[in-house]
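Same chain, two partners: subunit A is paired with subunit B first, then with subunit C.
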Partner chain A sequence: MNFDVISPKTTPELLNAIYDNQSKNFRIGAGFTDLINQFKAQETEGLILINLAQLTEVDFKKISENEINFQIGALTTASELIDNKSIKENFPVLYQAANKLASTQIRNVATVGGNICNVSPSGDMTAALIALKATCHIIDCDGNERKELLSSFIRGLKKTSLTKKELIKNITIPKNFSKNIKSGYEKVGSRKSMEIAIVSLAYHLQMDDKGVITYAGVACGAVAPTIPFTTSACEFLTGKNINDISDSEKEEFAKRVLSYANPISDIRASDWYRKEVLFNISKTIFER
Partner chain B sequence: MILTFKINGEWVTQEIKPSLLLIDLIRDVLQLKGTKPGCLEGECGACSVIVNGDAINSCMYLAINVDGKEVTTIEGLENNENPLHQVQEKMLEHGAVQCGFCSPGMVMTTKAYSDKCIAEGITPTREEVKKSLEGNLCRCTGYAKIIDAAEAVYK
Partner chain C sequence: MMKVIGKSHQKLDGKERVSGKAVYGHDIELPNMLHGSILRTKYPCAEIISIDTSKALSLDGVECIITANDVDVNNIGYKKDHPILKKGTVNCNRDEIAAVAARTKEIADKAIQLIEVEYKIKEGVYDPFEALKETTPRINEFGKGAEQFGNKNMAESFHYEHGNLEEQKAKSKVIIKKRYELPRVTHACIATSNITAEFNNFDGRLTLWSSTQVPFLYQRDIAHALKMEPSKIRVIQPIIGGGFGSKLDMHPFEPICALLAIKSGKPVQILYSREEEFIASPTRQPMVIELTTGCDENGKFTFREVEIIKDNGAYTSWGATTPFVMMQSYSSLYQVPACKFDSHAVYTNNPFAGSFRGYGNPQATFSIESNIDLMAEELGMSQAEIRLINANYKGEITGQGLHFKTCGAIPALKTVIEKSNYDKIMATPNTGRYRRGVGLGSMLHVGGGAKIYRSDGCGTTLKIDDYGYLTIVTGSNEIGQGSETVLAMIAMEELGIPKEKIKVINTDTDVKPWDVGVHASRTSFVAGNSLLGAIKLIKEKLSKKAIELLDVVTDDWEYANGMMRFNEFEIKLDKVVREMHFASPHELCMVNYFYEPPSKFQDKDFKGDVSGNYAFASQAIEVEVDTVTGNVRVLNVHVSQDVGRVLNPVGLQGQMEGGLATGIGYALTEEMIYEKGVLKNPSFHGYKMLTSTDMPDVHFYPIETYDEAGPYGSKGAGEAPLIPTAAAIANAVSNALGVRFYSLPITAEKVLRALASPTPPKEGLLREAKPVTKHQ
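Up next, the complex of A and B:
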């Protein structure tokens, strides 16, 4: 590896660095747990790295809340999410996804923004954020800002809507309107630790005080080029009472989740195995 | 690029190449060979060191990003009164070291975790101790003794 590094401390310095290097070959890095392996596999002579790790701007780093949503800075690490009591309490799906990512050593540096922008179909925090209908807040080096729903921000395998001028500043998640939630992240790998998901399922359900499902967010990872939000499965659940969902309804829900899966066979699992697992874990979320 | 940071309690200033990895700064520039290069891909934990209290993989970390921070390697655990840290003593007592290649990483990860638990007044369960070591691989011991040792730190 042989690249040059710019380490901005403030947002103006960051935006200037992006602006000044538009005609050059540059990359943005945060925790580097994906980038270092990429850099090792390519020629990095002449590459400029814009290093976000020394940025001191709170908007990129803090977890905060207002009346309508939670805001999570793009540079928040998986460990910081896990240690945040409000996240654990309100969004178990996100807590569990962050906690099932790699190892302590990786979680201590891996950022939310990096997980999203690496656009892997098995990105754990990304799957949880899609189930939570998160929105990306994006800034560019001309001073513009825009927002986009995470599920549409991801455009395909390794593709996002980001231009060369842009980066993610933070992510917002709408607050729960009910305290009655069923939320979790199922990750299936070939072993328990340090495993990229073979299949994952992120689910976040909100019920009224009688148990009627008023919000359903379900996304599945590692079974398609992107992480789909399973709209038809979510619509099927909405309005049903969580306490009396019949076996045939559970099967119908799982079938609908499965309709979003278009997995590949690779060294980790066959497409057949991935579909079987997805169907089975989808059926069992009501038992958890 | 000029880097100023604390290594094992001492501030140092060092000129480095911007793309240098932390593991290479530690082993090749500072000649501290206790931090081990295993997979060099973030999988095995042999290269674990502590940066500002957190265990990280030094093979997946840019040296420039320790600027202004405090880095502890296995060499930094020794002091005049105690040549071995408590975690190291427990590893010896429980026979948790065979070839020893994974041991510095195991010790650093366990130290970072136990410092946090002790600060928060928590005694972790065996499952939690196991989880804290999920990023450290060992080819020799079969883990049981390492986990016994890590658990004994709280007794």
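Up next, the complex of A and C:
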């Protein structure tokens, strides 16, 4: 591996670095847990690396809240998410997803922005954020800002809407409007840690005080080129009482989740297994 | 009363290892050292039309390149059927075609890519059953199968039998015949393969810093490969980051590194990447076992008949001799009146298998213990009971001639049955998402070395210096198993010298006496006995001098705190040694001792008492199967093992837990996935070795039988903990689900498929459903 590294400390320095290198081959890196692996497999000569790890800008790093949403800096690590009490209380799905990612060592450096921009169908934090209807806040080197819903920001396998001028500054998650939530992240794999999901299911349901589901966010990982937000399954749940979902309704919900799955077979599991498990775990989320 | 033995002692080099101070092969740096890299074949089966190294040679920083045409060497391997560098044809995806030495690793790797090889691709043979067909071409041109075994692709073959099979079959009420399939798994040593070589062209001596487990055999093998004199080769073992049997064979990269050093005139180092480690280091033998077993109406075993086809891969390693161990389990694990055993290792274009902790025994035990459960079921007898009534016993001489002078088989079985609540869990009905089950597995393994070479012995030299420090020079090796700590403990016990004053020297063939190597769970046994013999001699020396100095008559000294004591007489050891050195007649306080175990060579029919003693163990393993995902979680492992005598409890516990981690992975998750000879999962991402977070609670109950052959009554213990693990887990899964698996690993996918279909699918076909593509 042989490349030049630029380590901006401030946003202007960062944007300048992106601006100055538009004609060159550059990559942005945060925790490098994905990038280093990519660099091992490719020619890196002439490559310029813009390293976000030295950035001191708080917008990129902090977790904060206002009346309508939570803001999570793109450089927030999985460990920082886990340690944040508000995240744990409000969004168990995100807490669990971050907690089930890799191992402590990786979690200490792996960032939310990196997880999203790596656009892996098995990205754990990404799946949780899709279920939470998160929005990406994007800036570019000309000083423009824009927002885009995460589920549309991801455009396909390994594809996002980012241009060469842009990067993610932070992510926002709408606040819960109810305290009555059912939220979690199911990750299926053969190891408890250091495992990439074979199938995952991120769900975040909000109920009124009678238990009627008023909001449903469900996304499934590793079963399609991108992580789908399972709109029809969510619509099916909305209006139903969480305490009173029949077996046939569970089946119907699971079928609807499954309709978003178009998995491949690889060395870790067949498409058959992925579908079977997705269907199975979808049925079980009501049971705990 | 023992003061030291039986009490936990931290590993001698524990602090260095955990603090990063330990010097592994990867840490060695010599002046002007070059870095080597190996070009392996692009195709597992092909003809090499041409090799062009000119572009690579002209790369700045490249110092030398070798191909088969540049070297005068012998074939290597147990059957000498393995060329170090290949020419003409390549036979498996590890095959070495050329090697480069360059100033940096990066340059060497780049040079490798610049070597142009023209191939004519051939359709390989990847299934041993296919390889046995008459119409299949010969795979290894050096193989002697046609002459020796009547089939050109047969690499090795073993036949064993005892008892009257037909008579026993006639007596049988139940006969179970099943076919078992075992996967290819790898050692996954944390330190990847490494070697550093330096050649002195003035005196023609070669020094190798190597992680071998068998330095003296290695010295001989390297010498044969390179056509050198063995004594001109010095083997130094740096700290070894994992052996597990993988380093019993010498592998091509080792003589290749030596050749690069000889040709370049500079030291050369070769370090594998993790991917290369997966692709090019040895594996456990994959095999298909067809086992027929019987028992009479009381559940007494009558016979075992087994036929094994092993996928040898393209070349033959020591791994081909695993039937030595396997036949012991078929003939003698539990009482077996009649046994017939046939095993054939067959060449294929898959990578060759090597030896691996357990040496064939996990495979054999998986089949035996599964069949036992099935016989019990068929007979309507409890699975615990059938094992107890057939268990080995003290004094038994088995059909194969193994003599169990001590035997902890029954106590071990009883312990785990009781501690695991076996009967209760077995009887508990199982419904709902999570199903619990428990399974039993037992094993038999050599505990006092194994006489396979002309000597199974070990030498020791002892020296006490003027300051009362003891140096133990032992022929045996430390590969992380903790044997040098045990040796220090023995010396502490016997000579009363504190740990801080003991040095164990065991890394240099120029210095240390002969030993056959670390394998067969033998080191503490043979090296311990050898040390005890040496200690006896040095005590005689010390006693003689002390008697003279103190003017007393006794040979009943107490050795403690660096002193020798008899009644009111006492003297410091260092004082005695100084008097030996400095006073007339001026002698050294040094002794040599060679220990050869009492075991015997087996005869041509493989009969005889091959080990100094035998280890027995049982495991009861409790699992929980998630019927939603198919994942099997191991909850509790109850292990009871006849270790003769516990020497170092913490070290022994380490062996248990490490072995179990390997055994659980073998049962549930680990598998090297090959497609037409190409490894599809050469990384820890795709190869599912379990992590510490997956480890269950391990409840260990040692059984002490005080076998007189072992040091303080101990037996070898290193391999045993993983041998019955897969068997017990498979039995537990079957208990949990009512579905039995005949192949390993029992993956989540296999479990779900079995649950989804009333007739379980034919195993082995699972992954062929769709072409493999990469997910991310």
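Assume the second predicted complex is superposed on the first by the 288 of 288 C-alpha atoms of A that agree within 3 Å, B and C clash if a C-alpha of one lies under 4 Å from a C-alpha of the other, contacts with A are read in each partner's own complex, and residues count from 1 in each chain.
Convention: a residue touches a chain if its C-beta (ideal position, glycine included) is under 8 Å from a C-beta of that chain, and two chains touch if they have at least 3 such contacts.
Since the model is a prediction, treat every value here as computed from it, not as a measurement.
Of the two partner chains placed by superposition, A:62 touches none, neither subunit B nor subunit C. Of the two partner chains placed by superposition, A:255 touches none, neither subunit B nor subunit C.
In the overlay built on the shared chain, the residue A:275 is in contact with neither subunit B nor subunit C. By the touch criterion stated above, A:133 is placed in contact with neither subunit B nor subunit C. Touch criterion met: A:194 reaches subunit B and subunit C at once. Contacts of A:264 after superposition: subunit C is touched, whereas subunit B is not reached.
Using the contact criterion defined above for the overlaid structures, shared-chain residue A:165 touches neither subunit B nor subunit C, since it reaches no partner. Within subunit A, the residues touching subunit B in one complex and subunit C in the other are 103, 192-194. Against subunit A, in their complex, subunit B makes its touches with residues 1, 17-19, 21, 41-43, 45, 48, 54-57, 59-62, 64-65, 67, 109, 112-113, 131-132, 134-136. Interface residues of subunit A facing subunit B in the complex, by the touch rule stated above, are 1-5, 7, 29, 32-33, 36-37, 39, 44, 49, 51, 53-54, 79, 102-106, 108-109, 192-194. Interface residues of subunit A, counted against subunit C in their complex, comprise 103, 120-122, 188, 190-194, 196, 222, 264-273, 276-277, 280-281, 284, 287.
Within the complex, the subunit C residues that touch subunit A are 433, 628-631, 668-669, 673, 680-681, 684-686, 688, 690-691, 693-694, 747-749, 752-753, 756, 766-767, 769-776.
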